[in-house]
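Each of the next two complexes has subunit A plus one more chain, namely subunit B in the first and subunit C in the second.
For the complex of A and B:
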């Protein structure tokens, strides 16, 4: 056997290995989805979506949970996106290489790895108690914003880095100021990448239960929140609550609620993919 | 600071849905006793996830009595709830154990007076795999031998517990150390709260323990009665003998009756709510607690727990009334 034959076999072997890895992930996901769909799909109807929580599994609904989740999502996006993108732009475009910027960079990278429950404890002390927001939607959204900020900052920087230097040079050469260059060239050109980061981070925020339980998000809320200062519950807490019940019917409710949560996440991703697609069509170099 | 513009897309649906709820509430809720109809305000509850189903059921029923009162219930655990309670952040705390000394002194520091009201029982049930044909009963001393901290690494086979049991590995399943269930079980069996061997499969989620015991022929585990009750086909409950004949002779199985009359000892435990004295100046809180005590018997059984004897509820109502009187005067 020649050396090149051997290399060809190795190549083939690695290809098979790669395919196996890909399918393993997909199969696990498929099994999970099919299991959830079989268990939960039959339970979803209009009443389930528009009813309040109840001790009777068949009468219980997720109205307050999904409305709470939407509130949290919108508020978190409003807080985290401007802060995260601005921080990313600063670090990438303005910050000089210095001890301070190194320090900031290391810390942001570390923050991305902090367990979410720690953010919950921080949120409880700072937002709920010190700032006096109470166990409100706003306190929850601030907490989750902290949680997702590192992801947004890092992806923003990566997206900006990917913009070709020639675009920047051309803009500056035509007399645009630094700010004009960033606002009219860099940001539009990198919007697709930034959007991806934002969606990934919001999808993560939607699935969090632990930090919200710590800051005092509730399990039983018999009213739909009407302002950012209202108390709330979210879908993951409702699911967590139902999964730990002894009665089988609650487990079915949990499966149904998971389907709704997945639906919200997919919807979000769908919107992002669409926006990115439109954006990419506009940007042509 | 926050603009209210982003409320608008949500508000329409909120109104729509809110309207529907209001309508249905009006349809069903009229014709009850009139006392609570005009109440408004808020009752804030947090604490044990074990007690949560009862409080949720009570809150749900209370809505038709007093639709104007916003009752909210959290699940930060007995410890987390107690912390909030002793800071005066909530009106009522759900507790699956009594308040401990630290919590009591913290409440005293913040000038918080409170009353402890038992609302139902839970029977911690010792279970084995359904095909386990050797365990007919177990004594508290044997349970202690199995679960004591000294047992770690030494008591690992069934025949070490009782010689006639088979020479097979013993696999243990139990509540996680953060739960009130663990505290109660160790207190009742080992004799010291929060002290046991560490080499067992621990989970805060009782459904995981059910899964574990029901698939392992050499398993022994414990969890709340409701989880056994719902999974009777997959599990076998073990009668427990406390070797004290004054409260029932021999080994006793947990059931609605034996837990209620106290013969299933020492593993039947009371579940509590604690009420803050500064909260009971508000009529909606008083009304809610009274409603709780009036309906706890029926509702606790509906969600899988065991009611107290009727006279105990009567006694709690009287105690609570006195507590309200003395708190209002101050």
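For the complex of A and C:
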């Protein structure tokens, strides 16, 4: 065998190995999805979606859970988007390079790596106890906002960085203030990228159970929350609760709830992919 | 001195961090004339140009000593408002940089940020500015189409129109034709020739033929210093400094 033959074999071997690695993840996901769909799809009907939880599996529904998830999603977005985008804009456009800005940057990167349950403990102390919000939707939304803030800040900065400096120069040279430049040029040009990051971070927040359990979100809430100060549950907690029960029927319920939760996260991710696609299709600078 | 001077620099030094970019420059630029800044890359001519509308202000570590005068007033004094200054001193950049908006919105941007919203004023400004920039005939039927669909040369003339729309008295041009093809370059040069009746123009260029064609005065920069400044004809035919002569005869740079 010549050397070049050997190199070709190595090349082929690595290709095969790479394909296997790629499919490994996908196969596991597919097996999981199929399993869940077989178990849960039959249980999903209008009643399941619109019923309150119950001790009897066949009567239990996920109304409170998905309404809670929706509440959390909207409240978290309302809190985290303005804070995260404003912080990102400040760090990228206003902050001069200094020891303080370096310090902020490193810490934001660190925050992104903090386990979500730690945020739960923080939320429990600060929002539930100190601020007296109780085990409410608002406390949950604040907690999840902390969780997604670093991601929103980082993606906002990346999106702003991608706007060419020549646009900034052009606006400033025409007498625009920094704020006018940001508001009229930079943010519109980077909105697609920012929204992509925001949505991906929200879809992560929607799947979180741990921090919400810590702050005291309940598994059994027999009413639909009507204000941000009501107690609540969310889909991941409902699922967690059901899978921990011994009865087979509840496992089926859990599978059905997982399908609904996956549907919500896939929908959010789909919107993010679409936004990114539209962004890329825009005329290049 | 019979002519009046629009812009001047007195003992100007500038730094980027530790890098001494502008070294003790004194110069006075005549009103309603074209002055060309020439010199090899990195000689500080663009940095110097950007001092006249304070575009270096936002760069980290930038520092300035000395005075830059516009109509005998120091534009780096504390009470000078940068946005007011930039209404007076327009700028055109090396690469055409239209906003990703319509042609119309590009031209009126400077007015919009001043809070002008009367439709008639905006429309008149668009027509006047585009005519001044010799672009009106080419775009009058597609004012509400995206500016990014224009050719590079058209985009650059749009950027000139955009700068003229806020009625400055000075126009700074940083290698305005270096990214354009020869035909577009000629159009820009013709335009500069037209505009100098109304505006004080300062143009940075790498292209010595261009400096010879469009400018009344030429200043030669080398490593942050102003080597020579005189009438363009004089500078190109009988330079006083040996370094100027070496540069214009192509021996370096």
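In this section, the second predicted complex is superposed on the first by the 250 of 285 C-alpha atoms of A that agree within 3 Å, B and C clash if a C-alpha of one lies under 4 Å from a C-alpha of the other, contacts with A are read in each partner's own complex, and residues count from 1 in each chain.
Keep this in mind: contacts are C-beta pairs under 8 Å (C-beta built on N, C-alpha and C of every residue); 3 or more make two chains touch, one makes a residue touch a chain.
Remember, predicted model here, so these are calculated numbers, not experimental data.
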Subunit B and subunit C placed together on subunit A: clash or fit? fit
Note, angle between subunit B and subunit C viewed from the Cα centre of subunit A, nearest 10 degrees, works out at 160
Subunit A contact check, subunit B vs subunit C, more residues touched by chain B
| query | So, does A:96 touch the first partner subunit B, the second partner subunit C, both, or neither? | reply | second
Item to complete: Using the touch definition from the top, say if A:207 reaches subunit B (first), subunit C (second), both or neither.
Response: neither
Quiz item: Of the partners subunit B and subunit C, which touch A:243 in the superposed model: first, second, both, neither?
Solution: first
**Prompt:** After lining up the shared chain so the two structures overlap, which partner does A:173 touch, if you call subunit B first and subunit C second: first, second, both or neither?
**Reply:** second
Rounded to whole Å, the nearest C-alpha atoms of subunit B and subunit C in the superposition sit apart by 30
Shared subunit A footprint, subunit B vs subunit C, residue numbers none
Per the touch rule, the subunit C residues reaching subunit A in their complex are 53, 55, 58, 60, 83-84, 86-87, 90-91, 93, 95, 97-100, 109-110, 112-114, 146, 148-149, 159, 162-163, 166
The residues of subunit A that touch subunit B in their complex are 50, 52-55, 63, 67, 70-71, 74-75, 78, 135, 138, 213-214, 216-224, 226-228, 231, 237, 241, 243-248, 251
Subunit C partner, complex, touching residues on subunit A are 96-97, 164, 166-167, 169-178, 180, 184-185, 189, 282-283, 285
Within their complex, subunit B touches subunit A through residues 2, 4, 6-7, 10-11, 13-14, 17-18, 20-21, 46, 49, 52-53, 55-57, 59-60, 63, 70-76, 80, 84, 204-207, 224, 226-227, 229-231, 299, 302-304
